[in-house]
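Below, each structure is written out as C-alpha cells.
Look for chain A in each of the two complexes below; its partner is chain B in the first and chain C in the second.
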Partner chain A sequence: MFILRFLLRRLAQGALIIFLVSALIFTLLRVVPGDPVRLMAGGMAPEALIEEIATEMGLRDPIPVQFTRYMSGVVQGDLGQSFVRPANGAAVGGASFDDSTRSARAEVWDLIAETAPKTIQLACLAMVFALMIAIPIGVWGGLHPGGWPDRIALYCSSVFVSLPNFWLGIILALLLSVKLKLLPAIGYGGFAWTILPALVLAIEIAPFIIRSLTVSVAQIMGQNFIDIAGVRGLSRNQIIFRHGAKNAAVPLLNLLGVQFSMLLGGVLVVEFIFDYPGLGLLTINAVMQRDFPLIQGIAIVTAAAFVLINIVVDLLSTLIDPRLEY
Partner chain B sequence: MDGTNTATPLLEVSGLSVGAVTPEGTTPILEDVSFSLRPREILSVIGESGAGKTVLARTLASWLSDPLKVTGGTIRFRGTDLVNDTAAARKLAGREIAYVGGNPAGALDPTMTVGAQLVEKLRAVRPEVSGAAAKQKAIELLDAVRIPSAAQRFHEYPFQYSGGMMQRVMIVDALISDPALLIADNITQPLDVTVAAQILKLMRDLTGRFDTAVLFICSSLPVACDASDEVLVLNKGRVVERQTPEALVASPQHAYTSQLIRELPKLWDTAAAAPKEERGEARPIMSVRGVAKHYTAKNRAQGGTSVVQAVRNVEFDVFQGDNFGLVGESGCGKSSLMRLLTGLERPDAGTILFEGEDIGSARPARIRELRRKFQLVLQDPYGSLPPQKSIGAILEEPLKIHRIGDRKERRERARSVMSEVGLPEALYEELPNGLSAGQRQRLNVARAMTLEPRLLIMDETLSALDQTEQHKMLDLFERLQAQHGFTYIFISHDLAMVRRVCSRIAVMYLGETVEVAPNDRLFFDPGHPYSRALLSAAPTLEERRYDPKDCLLEGEPPSPIDLPPGCAFASRCPQAFDRCRGENPGLTARGGRALAACFLNPRRGEDAPSMTTPETTHA
Partner chain C sequence: MTSIDTLAAPGGRRAEARSISSRIWRLAFASVEFRIGLIVFAVLLFAALLYPELSGIDPTKMNIRAKMTPPLFMGEDWSWAHPLGTDQLGRDMLARSLVGLRYSILIGVTTTVLMLAVGALIGLVAGYYGKSIDTVLMRLTDAQLSIPMIILAITILGVSRPTIPSIILVLGLAGWPVYARVMRSTIMAERKKEYVRGAMVLGATDFRIMVLLLLPLVLPPMAFVAVLDVARMMIFESVLGFLGLGVQPPTPTFGNIIADGRKYLLNAWWIATMPGIFLCLTLTSINLMGASLERARNTIYGGA
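After this line comes the complex of A and B, so read on.
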C-alpha cells in the first residue's frame, strides 16, 4: 500500500520533470544559431530549396506548435526521425540533398535502442569495478578514523580524482592493449571491449565512493547502538557487517544513484576516446550534426532514466531505513 | 556490614583502581574500590557527578575505552578474573553480565526491528538457542515488562517505541540471556517519575523471578534507597560507606552522605513554610485563557495527516512578583506552551494576556517590543549559548537588538549583570566553552536579565544541574527577585524544586491543565488523581502521603493524536467511572483558590472541603 502510493506519486512527479526537460531542450535547440537544414542539405544547396525543405519539415512553424506536434508523437512512443542518419546505416551524406535514400531516415528510437544497452553495460561494469576498489578502502578507512587506513583512503582518492580520464584512457590503452595485448581498446566487438573504458570510469568515480564511505562508516561506528553492541554480546563481525554496513549503506546508495545517472547520461569523453558505440558517442555526433530529434530523444530517455534511478534509490533507502520518508 | 545472606559472592571487587592513562601520566578515577555482591542482591551505587559511578559500571562490563585502564586490583566473577582474563570477560559480556544504560534512545540499530535485534542478541551469546525459541522468549519477556501487545510490537522498529518503552526493551535485552548480574547504569534518569516508578518495580519483580543480582547505579538518593537492599556511596572515586537504605538515612557515616541527606529537598515538610502567594497588584501580569495549539503530522501507515493536540484548555493567571510552577511529564505540552507564552508561536484558540495585551494576536513588531519584558531561560546549558562568542558579547547582544545604550553603557550593563549572577568579571572576554554547566546557566540567566524584564520563564533551567548547584541557583533566583521584583514561571518536572520555590502550581497532563492550586494545597490536598499519581511517584525519602499502588494504573499516557473523548487521564486513573470516559470535566473551582479538572471534586456551591492553607485569606 505504501509502496503503491509512493510509486504513483513519484512517477507522476517524474512525468512532469521529463516534460519540463523536453520543453527546455526543445526550445533551446531552436533558439541557438545553426540551421540543421543547411547541414542536411549541404553547403551547395540553393537557399530556396533549404526553405522548402524546412517548411515541409515544419521547422518554420512557431516553437509551441512544433513542440506540441513533437510531444504528441512522444506520448505515443514516437521520438521522431533523425535529420541526418539514414535508416540503412550508410554514411551521413553532406551534399546529397537530392539523394533518393534521404527520405528513409532512421528512427530516433531505434538509434537509442541500439546504443543504450552498450552504455548500460559499460555503466554497470564501471560501477562494479568502482565498488570493488572503493568498498575495501573506504570501509577500512572508516573503521579507523584518523589512523593510517584513513590516510590511505584519503591519498587514494586524491590520486584517483586528479587523474584526467582522457589521459588515463590513453595510458591504459597503451599499456594493456598495445604493450601487453590483454584487452581490445577501440570500438566494440563483444564484452571484452567494455572492460577498458569501464576501468577508466571506475577510477574516475571511486574517490567519491571512498570519501562517502569513510565518512558514513566512521559516523555510524561512533553511534551509541554500535558502541553498546559489544556490551550486549554481539561479535565484532556482526557489529560491522550487520549493523555498521547496513546503516552506512543509505548515504552510499544515494551517491551511487547520482553516479549511475551520470554514467548513463554523460560518459561522453570516455566513449569518444575508446570509440565505444554507446549513448555518449551518439550524443556527440548528434550535437555535431545539429540532429535535433536525436538530441531531444537522448535527452528525454536519459531524463527518464534519471527519474527511474532516483525512484529505485529512494525505495531501496526506505527499505533499509524505515524512518526515511519520501 | 554483611547481612545474613551467607551465599558465596557472585561478584567480588577488591582494591580496584581505574585511571585515565595518558603519556603525561595517570589521572586516577577509581581508587581502591572493594565490595562484593551476592546472587539476587540489589546494590545501589550513588555519588555526585564525577564520582566515578559510570566508570565503575563500565569496568565491570569490560567496556573501558581509551584512555581509561584498570591500574590495580581484581574483579572476580564466580572466580573468573575479569581484569586479566579478557577473553573470558568478553565471553561473559552480554551473557552472564548484562548492562543497561541510561540512554535507551540510540541503543538499538534504527534500521532493524526490535524483535530481530533481541533474537540476534540472544543467539549471539547463546548460539544453541533456535530462532523460533529465541523469538518466543523475546515476546514472553516483552510481555513480562508490560509492553502492550508484545507479539505485534516485536515487529516494530525502535523509533516506534516511546522512551519509557525503549528502556523496558533494553531491560529485556539484558535479561534475555538469563544473566547472573545486571548492571543498571542510571536507567531511570531519562524517564518520567511515573514511568521510572514502574521500571523500578519491574526490576524488583524480575530479579526475584530470574535470580539476577543487580548493581544499580544512580545519582538520586531517594531512588537508590527505593530500589535496593544496600547502598554503596562513592565519593571522589572511593567507596566511603555501605549500608542498608534505612541505616544510611538514619546514621550516615561519611560527611558527604550526611550533606547529601541534609540538602535533599522535601515534599511534605511542614516545618519549612511553603512560598506564599504575593498579591502586589490585583491584575495578573500574565493571564492564560483557554489556550490551544495543534500540529499536523504526516501519517505514514494510513496516508494523510493526523492532528497532534499539543496544548488544550490551558488556563491560569500569574501575578506580579510571584513564582508560578508548571509541572508535568514529558510530552504533556509544557514546551509547546512555553513557545506560546513567549510569542514564538501563536495559539489556535484562546488568549495569552501579558499586562493586559494579547500576545497571541499582537503584531510581530509589537511582540518584539514586549519581549523586553518577558525573557526565556532554557534547559540545555550547552546548546543554548553560541560557542564562538565571548561572554561579554553574548550579554550585550540583547541590548544591541533592542538598540539600548551605546557601547560603553552596554559594556557596563554586561559587567553589572555578570557580578549580579556571580560570574567573575575576568570572564568578560572569555568564550563560554570553559564554563561549567552551572556557570553556563548563570550566564543564561544573566543574558535574560540584561533587558530588565518583568517576567522570566525558566524552561527546565535547573534540570541539567546536580543537587548542590541547583541549590545555589535557587538562592540566586530568590535574591534577584528581591532586588528586581521579577516574576518567575518555572516549567519543570521536578516536584521537589517546585515545592520549594513556587507559590502556585499548575499540573499539566496531555496538553491540559488538570489542576491549578496553591503550593500547600497541591501537596497536601491534591484535587486531581493525576496530581496524586505524580506525588506518589516522586522520588523522596519521606513517608509517602500517597501510595503508588493506589494512585496509578499500569500503562503510558495515550497518544496526543488519538485522544479519548472524555477525561484524558481516564485510561490510567484507578478512580475513573463511566462519566469520565465520555465527558471532559474541565477546570472547576474547588474553593481556596484551587481549581481541578475532575468529577470527583464537589462542585462549587456544594460542601467545599475546609481549608487549612493560609491562602484562603487572599481569596
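After this line comes the complex of A and C, so read on.
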C-alpha cells in the first residue's frame, strides 16, 4: 500500500518534470537563433522558399500552438519525425533535403530505440569499471580516516576528476589502440569496442563514488553498533561487509541517481570521440543539424530515464534501509 | 549562543559566520593537499599571466618552416626556442597552452560566480518564502537537473555563434540548480531558528532578513565548495571548445588546440597532449584545494 502510494506520487511528479523539460527545450530551440529550414534547404535557397517550407512545417506558428500540437503527439507516443534523417538509416546532409519525401523520414522514436541499447551497454560497463576502481580505494580510505589510505583516496579522486574525458579518450586510444594494439577504438564492431569508451567514462565517474564511499564508510565505522559487533565476536571482515557495506550502499545509490545526468553528459563526449554509435553521438549530430524533433525526443527520453532511475533508487534505498521514508 | 544575545547584538551572528569561514580556511590551509594545490595553481596562474607577454612569443604567429617541432629532448629537431614544440602551423605550444589557460580560468571562475549567484538567489527565495513560490521554483530546478547540462549547453551554443559572454551565460545558467537546492534546504532549516523569528517579530523586512542575516551566514560555506565547480566549468569549457562550440580560433583554447592536434596525433602527438597536461595540472591543483576546503567544511559542521 505504501509502495503504491509512493509510486503514484512520484510518477505524477515525474510526469510534471518531463512536461517542464519538454517545454524548456521546445522553447529554447525556437527562441535561440539558427533556422533549421535554412540548413535543410541549403544556403542558396531563396528566402521565399524557406518561408514556404517553414510555414508548411508549422514552424512559423506561435510557440504555444506548436508546443500543444507536439505534446498531443507525444502523449500518444508519437515523438514525430526527424527533420533530416531518412528512414533507411543514413544521415543526409542539409543540401539534399527534399520536402516531397517527408513521409520517408525516420521516426524519432526508432532512431532513439536503435541507439539506446548501445549506450545502455556502454553505461553499464562503465559503471562496473567505476565500481571496480572506486570500491577498493574508497572503502580502504574510509576505514582509515585521516590516515594515508584516506589521503590516497583524496589524491586519486582529485586526479581522476581532473582528467578531461575527451583528452583522456584521445590519449588512451593512442596508447592502447594505436601503439599497443590491445583494443579497438573507433566505431562499433562488437563488445570489444565498448571497453575503451567505458574505461574513460569509468574514470570520470569513479572520483564521485570514491568521495561518497570514504565519507560514508568512515561515518558508519565510527558508530556504536560497529563497536558492539566486535564485542559480539564478529570478525573485522564480517563487520565491514555485513554492517559497513550495507549502510554505505544507501548514499552510494543516491549518488548514482544524482550523477545520472553527469554520466549522460560524459557519454555524449565519449561517444563522439570514439565514434560510438549510441544516443550521445545521435544527440551531437542532431544538435549540429538543428534536428528539432530529434533533440526534443532525446531530451524527453533522457528526462524520463532520469525520473525512473531516481524512483528506482529511492525504492531500493527503502528496501536496504527500511527506516527511510519518501 | 542564545537567542537573546543574537537579538541584542545582530553583529554577533555575523561575527560567528566570519569565524566559521576563517576556521574552515585555517583547517584547509593546514593540510598538505591544500598547500600543494595552492602552490601549483599559483605557479601556473603566474605563468599564464606573464609568460606570453614577457617572452614576446605570439601564440597565433605561424612559422611553417618550424612546423611540428617536437618538445625538448624528444625526436631529432627539437630546439630551445619552443620548449613544448610547435603545432602543425609552427605556432609555439607553450605560449598557446598558457593563453588557453587564461581563457579557461577566466571562463571557469566567472561561470562559477554566476551560477552561485543565480542558484543562491533562487534557493534563498524558494527556501525563505516556501509554499507555492517554493513549489514552482523547485519543480523548475528538478526539470533542469534532469536535462544533462552539456546537452543544454551544446543545444544553445550549437545553434548560435559562441562568444565568451554567451559561453559564460550558457554554462552559468545550466549549472545553478544544484546550488539552488543546497541553498533552499539550508535556508529552510535556518529560518525556523529563533534569531530569524526574533527579527521578524521586531519588524525587520524580508529583504533585510535575507540579505543581512541569512546570506552572510549561509553563502561562505557554499562558496568554498564552489571551488570544485571552477574546475568542472573549466572542463566544460574545454569540452565545448573541443566540439567547436567554444571560443573560436584563432584564439587558442585547450579545447580547440586538442581538437586540432587530434588530426596530427600519429605524427605529432604533443600537439594534443601538451595542452591536456596543462589542463590536468591546473584542474588537479584546483580540485586538491577544493577537496580540502570541502573536507574542512564537513569537519567543522560535523563537529560543531
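Note that in this section the second predicted complex is superposed on the first by the 311 of 326 C-alpha atoms of A that agree within 3 Å, B and C clash if a C-alpha of one lies under 4 Å from a C-alpha of the other, contacts with A are read in each partner's own complex, and residues count from 1 in each chain.
In the analysis below, a contact is a pair of C-beta atoms (placed from the backbone, for glycine too) under 8 Å apart; a residue touches a chain by one contact, two chains touch by 3 or more.
Just so you know, these numbers come straight off a predicted model, no measurement behind them.
Set against each other, chain B and chain C touch different numbers of residues in chain A, with C touching more.
Contacts of A:Asp321 after superposition on the shared chain: chain B is touched, whereas chain C is not.
In the overlay built on the shared chain, the residue A:Val269 is in contact with chain C alone; chain B does not reach it. By the document's definition of touching, of the two partners only chain B reaches A:Lys246; chain C does not. In the superposed model, A:Gln76 lies in contact with neither chain B nor chain C. Contacts of A:Asn237 after superposition on the shared chain: neither chain B nor chain C is touched.
Considering their complex, residues 33, 139-140, 142-152, 154-156, 158-160, 231, 235, 238-239, 242-243, 254, 258, 262, 265-266, 269, 272-273, 276, 279-280, 283-284, 286-288, 291-292, 295, 298 of chain C touch chain A. Residues 61-63, 93-95, 98-99, 101, 103, 105-112, 120-121, 124-125, 157, 159, 173-174, 177, 298, 300-301, 303 of chain B touch chain A in their complex. By the touch criterion given at the top, residues 13, 16-17, 20-21, 24-25, 28-29, 32-34, 151, 154-155, 157-159, 161-167, 170-171, 174, 178, 211, 215, 261-262, 264-265, 268-269, 272, 283-284, 287-288, 290, 295, 298-299, 302-303, 306-307 of chain A touch chain C in their complex.
Chain A makes touch with chain B in their complex at residues 2, 5, 223-225, 228, 230-235, 238, 242-243, 246-247, 320-323, 325.
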